[in-house]
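In what follows, chain A forms one complex with chain B and a second complex with chain C.
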Partner chain A sequence: MSERPVSIPGEPKVDLEQARAHGLAPDEYRKIEQTIGRTPTYTELGVFSVMWSEHCSYKSSRRHLRKLPSKSELVVQGPGENAGAIDVGDGWAAVFKIESHNHPSFVEPYQGAATGVGGILRDIFTMGARPVASMNSLKFGSFEHPRTRYLLGGVVGGIGGYGNCVGVPTVAGEVMFDAAYNANILVNAFCLGLVRKGEMMSAKARGPGNPVLYVGSATGRDGIHGASMASAEFDKESEAKRPAVQVGDPFTEKLLIEACLEAGKTGAIVAIQDMGAAGLTSSSSEMASHGGLGIELDLDKVPLREAGLTPYEILLSESQERMLIVAERGREAELQAVFEKWDLHAVVIGHVTEDQRWRTRWRGQVVADIPIGALADDAPIYDRPAAAPKIQPQTKPAIAAKHPETAKAIRALLDSPNIASKKWVYRQYDSIVQSNTVLGPGSDGAVLRIKNSRRAIALKVDSNPRACALDPYLGAVGTVCEAARNVACAGARPVGITNCLNYGNPERPEVMWQFIRGVEGLRDASIAFGAPVVSGNVSFYNETEGHPIPPTPTIAVLGVMIDVAKHVTQFFKNPGDVIALVRTAAPSIAASEYAAIFGIDGGRLGAIDLAREAALVEGLVEGAEQGLIKSAHDIAEGGLAVALAEACFNPRAILGAEVELGRAGNADAVVFFGEGASTVVLSIAKRDAARVESLFAGRGLEFAVIGRVTAEPRLKIGAAAGLDEDVAELQRIYEDAIPRRLRGGD
Partner chain B sequence: MKWGVVRFPGSLDDGDSLYAIAEVMGQDARMLWHKDESLGGVECVLLPGGFSYGDYLRTGAIARFSPIMKSVAKFAADGGLVIGICNGFQILCEAHLLPGALTRNRSLSFICQRVWLRVENASTPFTRAAKQGDLLRLPIKHGEGLYVAPEDEIRQMEERGQVILRYVDADGRESDAANPNGSMRAIAGVANQRFNVFGLMPHPEHAVEPMLGGVDGLKIFQSIAGSAR
Partner chain C sequence: MQVRVFVTPRKGILDPQGRAVESSLQSLGFKNVSGVKVGKYILLEVEARTASEARDEAKKMCEALLANPVIEDYRFEVDGE
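For the complex of A and B:
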């Protein structure tokens, strides 16, 4: 029944060597020959090489990702579609996902970051959801590294340039600078969309004979083999890969959003999928494979930017802002009318078939004919060897010798780009468009109201590579706890997780071990909070010339708030309020910013009691719902002293704090600057202090009133030996740290 | 009052403007499509923020040629009320319905933040609900908001009271630090000589609810609503 695919004159010969040049292992090439029963054409080889790349096939991670919990009564869509979805009440589903764009952003920071935003947006509106908020997690090399400023400017410019132009607010994020990322930055982009439950769209093709529509931008030569680039380490030649980075057109993306959502309302769309990594190839084969069907495409019908593209180029192009739609037969015109209204291409380029084959024609001849399963589910899966590194991280306890004076230390910490205000970054993002941003950047997490509902969504993205470097399991657990705690500080109950797992080369046993331990940590924490992992992405090969990045699982947590009016911010509100600490364990300076800045060995991470973590989150949410908590701020980088300072930086008017640490030892650096343990600084009206105490003490958590909020803007910690600083001065340091460095000051 | 919000391809604050006017203010408002020439009998046309047609040429440069802009120009010539916010302001300048032009911010980067504005002329249809010297807290979010015009023209505009809003600090004083984008004379909003066309870079539609950063934007919309003919 099938025509034998033909080669295109002038194409390279296909053999083992050519396969290797395409990044396929010899075993993989042999498996391709076995699967199709002949030597593949050059076009087919290209198709296999991207579909079997780590980036598209998850061949090293898939068996481990199965361990992650993905179910709860609120899950509307778990892994398997373009993004996950959680029921957030009042008939709404929140669709969300985070994804990496690390490799392209290192090669071409502006376009790499911009198209990262574009790609994750498409994953969301593909589901029929209107994108309502973006976040990002960025890791750069040390600020002193010569390339960092260029990369920072480019990435931030790209995120803003794209995000601002599509009308989706960038509401939160994190930025870290560490020499470990000098040669491999991380750009992880998150998007949240909202859709009425029951109006979600799917990527599952149905109905043999149904037409396949190509919509959006025309296809050009950009981004060919982007997925393969993301599946290899960096070396000296990586700079030359710049042409493999796609170029974004946010204006067309905005039109696509509106057109796709409007087209969805016609009911004529059977399935829809964006052309992301591996473009037309992956979108068409995945839709067919999800539906257990086949697909046939006529490449002569694909809108092209220039003449002369080969089938190989058309199929592997990663030109941006393109979607593939399976329409209900006979209703193509309805959809085309919508796209025409928005001045977009909508061309029938093929149809769904019954025969479970992925077949493409060009100039009347078949150029590729592959069983659909071979491109999707039957792609190789590896159980790569994993082994803990022989040299374990230092396990000595903290050395007390080189500790600087407390006043010096807090200034140095507030001046660290990792702690300092990121206003220079987020001021370049539109954070308010769509009129939902109740709490935007500059806070612990973001809060978005849902229009015509009292409900709100809280979002937070976190990562802690230093902790993960010490212990990839505990680091991952701690990262989930931190994100969940931040959402709870705002007053929202964590209900769903998405993750972007950034690691080195999985072919190294110690990297594979880090990855597996990370997934296990994510699994255990997810179970403890009852917040399933509904979507995610794995980014391997984050290493350059043999140096892997520290394990960096980036975790975004979505929380739901019953009443938006009850949301809580991190800032102290009224003089006279009591300041209290609630925590699950004692602080430690392991993996802390303090240890990093002052070169102190922080020792090993403390254990994490997940039951207590969950109790803390529950207490925070309940306290907020009862209106008992005036402010809640999670202790993170810089420890208690920095958290207190930040809580004083109320944008309405700065306040002060007077704190006694009692028996804990006033001048102890661990108490002042220790991180690690889940600790939250609360401010509470005096009359409510006892009720809040019982809220936490009743859950077995340590709760202590440590001081009060003052009108005089001074931060006083400890009676004699501690700290007595002018808050305005501290804020000046905090605000100016990044601008000062960018101005080129010392 | 009947309002029309023009939706260009690439408009972003069109929905927010409609929301502010219709949902928050309870006024009669509808969306107008850029390819149409009819304004549907509205009494005030709002050109919203965004990146019309991608703004790949010059901000507002392509939108001014859209079919609906012909009708907007005629509507303005007949004395109809037109307000352009951010990209809408840029379009009005490109269409020569307002004097001057908007160029790249002094910082060369996009800026999203809340700013203070002083009402310089409260006897216009767009500011009559305020008092001269009132301070408004509104957000800006733009990459090209640096207002320029020939010195002579600016002097005449000042004399005629066409400068409606100026960037100031929290105490109402002009200063270099309080001028977020480097606009000449810290100009944030201007009107035409007839005072029926108004353009401003700050976003009043993003300051209409206490929970979302204040309600100072209502002053502008209430002024317009109270100016129905």
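For the complex of A and C:
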């Protein structure tokens, strides 16, 4: 009864060589022949090549990702759907995920970043959730690199252009500049949506005979083999063989959001999935395989943007703003009416079948017929060899031959683009549309209210590639701790994690080792905070001509607070308040911005005691809930001195601080500028200081009052050899560092 | 020497602006219109001794700034050619 798929006249011949050109290994090609019992058609070869690419199949990472904890009382949806979901209370679930769009953004920064935002939005509203907040994590090459300014301008413009048009606020993010990313920038986009618990939609096909509907933009030759491209290293040639770049259309996306959410309310949608990487192929085969069923598509029904597309092109196109829906049989017209209302067309292009095969027809003939499992769970999985690099980073303590003067050092740090204000970036983003943003960019974590509820959510995205380069395990643990701490500084309890794991070529044992250690770090930290990893993405092959990026696990943490009015910002509030430090370990210069600026290599990361990290987070949340903490700022790049300066930069009116660090602290670079330790600078009303102290001391944490907030805007740290600077002057340096470089100043 | 540069979306690339114009035209009743693309037209005065020198300069300008060769095609006309 099964028809043998036909080749299309004029198509290239399929053999081992052709398979290799499609990025398939010889073993993989043989496995394809075995699975289908014949030579694949050219169309089928294309389908296998994308579905078995690293990007779609997670073939190198899957067995390791299983180690990540994904359950808690609050998890509504763990990994396996388009995004994860966490119960945030009052009947709401937060659906969230972070995803990379590194390779496309390097080729065409504006459209690459824009379509990255569009793609992650679709992953969220596919679940039935209304997108309410976006974040991003960006890594560029050094500011001196000739392409950096162009890439920065394009990526930031693309995120703003798409996000602002579609009406989803960009509420937080991070930007880093480092020569290690000169030839491989990273663009990781995060989105979070809210949905009433119980109204979530699924990507699991059900009911043989149910129709499959195509919704959204027509299919063109955009981004064909984008998924395969993201699964290979860059070289000189890939510049030339780049496919038609995907172009985003945020206004169509906005229509899709509204139409899909409205269509979801009809109850006629059985399953829905966006067409992301590998487009129609992956969306249709994934929906069928999740449901343990098959699917049959008629490619002649697919709306095309231009004439003459072959089945190969239709199936592999990555045209943006398209969705695939399995509808309840007989209710197609109901759905079509909703989409017509939003000026979109919903076309029936196929149906669900019982036979667990993925079959496509074109001009009346079968052009592909593949067992569904071969495109999903039976795709190759590798246990790639992993080995620590032979040459370990230097582990001798990092001590500079000669430290610069303290006053000079703090100015240099505030002027570093990695520490300086990112206002130039985030003022291009609409951070308040939808009117939920309580705390937007510029403080430690973002805070969003949930309408008609006292509850709020806090969000933060972090990464620390320099620490991960020294120790990929501790670096990953530290990154999770930092993101969790930031959310806690805002007054929210961390409840869920999503991650984007950016690494080099997994076929190198050193890279695979970095990756595995990173996953283990993520696992251990996630368990310690009781915040499961509910979604994520892996981006391998971030390397150019043999130079991989440093391991860069990007971690986003979702926090929940019971009462939005109790949220805390990083800025000092009132003169006379005491300034206190609470920390879990001693700071170190290793992997710090100070080390990067003053040329200090290597060093050893301090051990991390996860029980103490969790205690710190709990103490911060409890202190905020009791209204005892006026400001809380996590010490990150630039150490204590920079954190104190930033806390003085209150947007309402700058303040000052007078801080004593004891004998040991005077002008000691490690005390002033060291990082790595989980340390928070608090300001507290004098009368509450004892209560806050018992909150932390009772948890076995080091707590010390180190000074007070002053009305006079001067930052005074330590005694004679310390620091005594005009805060306004420091702020000017901090605010102007990036604009000055973009103006062409050196 | 006057150089006229025409920049258009590359073939096969989605042109949201062209699509918006096309659907607006159709909703105004111009049902006979399709395949609308929107690009830009740039006029330059280039100091050059010969048309071919102006042409070389214009090509460099297009590659460097006027067009984004990843997503746009360009062509130009030089006075006296």
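By our rule, the second predicted complex is superposed on the first by the 738 of 746 C-alpha atoms of A that agree within 3 Å, B and C clash if a C-alpha of one lies under 4 Å from a C-alpha of the other, contacts with A are read in each partner's own complex, and residues count from 1 in each chain.
Here is the rule we go by: contacts are C-beta pairs under 8 Å (C-beta built on N, C-alpha and C of every residue); 3 or more make two chains touch, one makes a residue touch a chain.
Computed from a prediction, not measured in an experiment: that's the story for all the values here.
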When chain B and chain C are modelled together on chain A, clash or fit: fit
Touching partner for A:564 - first (chain B), second (chain C), both, neither: first
First (chain B), second (chain C), both or neither touched by A:427: first
Touching partner for A:157 - first (chain B), second (chain C), both, neither: first
Most chain A residues touched (candidates chain B, chain C): B
First (chain B), second (chain C), both or neither touched by A:108: second
Chain B versus chain C as contact partner of A:165, first or second or both or neither: first
Which of chain B and chain C A:255 touches, first, second, both or neither: first
Touched partner set for A:438, first chain B, second chain C, both or neither: first
Chain B versus chain C as contact partner of A:245, first or second or both or neither: second
Once both complexes are placed on the shared chain, angle at chain A toward chain B and chain C, C-alpha, multiple of 10 degrees: 60
Minimum Cα separation, chain C to chain B, after superposition on A (Å): 5
On chain A, the residue positions that both chain B and chain C contact, one per complex: 249, 251-252
Residues of chain A touching chain C in the complex: 107-108, 111, 217, 220-222, 242, 244-249, 251-252, 305-306, 319-320
Chain B residues touching chain A - in the complex, by the definition given at the top: 9-10, 12-13, 15-16, 19-20, 50-51, 53-56, 109-113, 139, 141, 143, 203, 205-206, 209, 211-213
In the complex with chain A, residue positions of chain C that touch it: 10, 12-16, 19-20, 68, 70-71
Chain A residues touching chain B - in the complex, by the definition given at the top: 157, 160-161, 164-167, 249-252, 254-255, 342-343, 426-438, 449, 451, 564-565
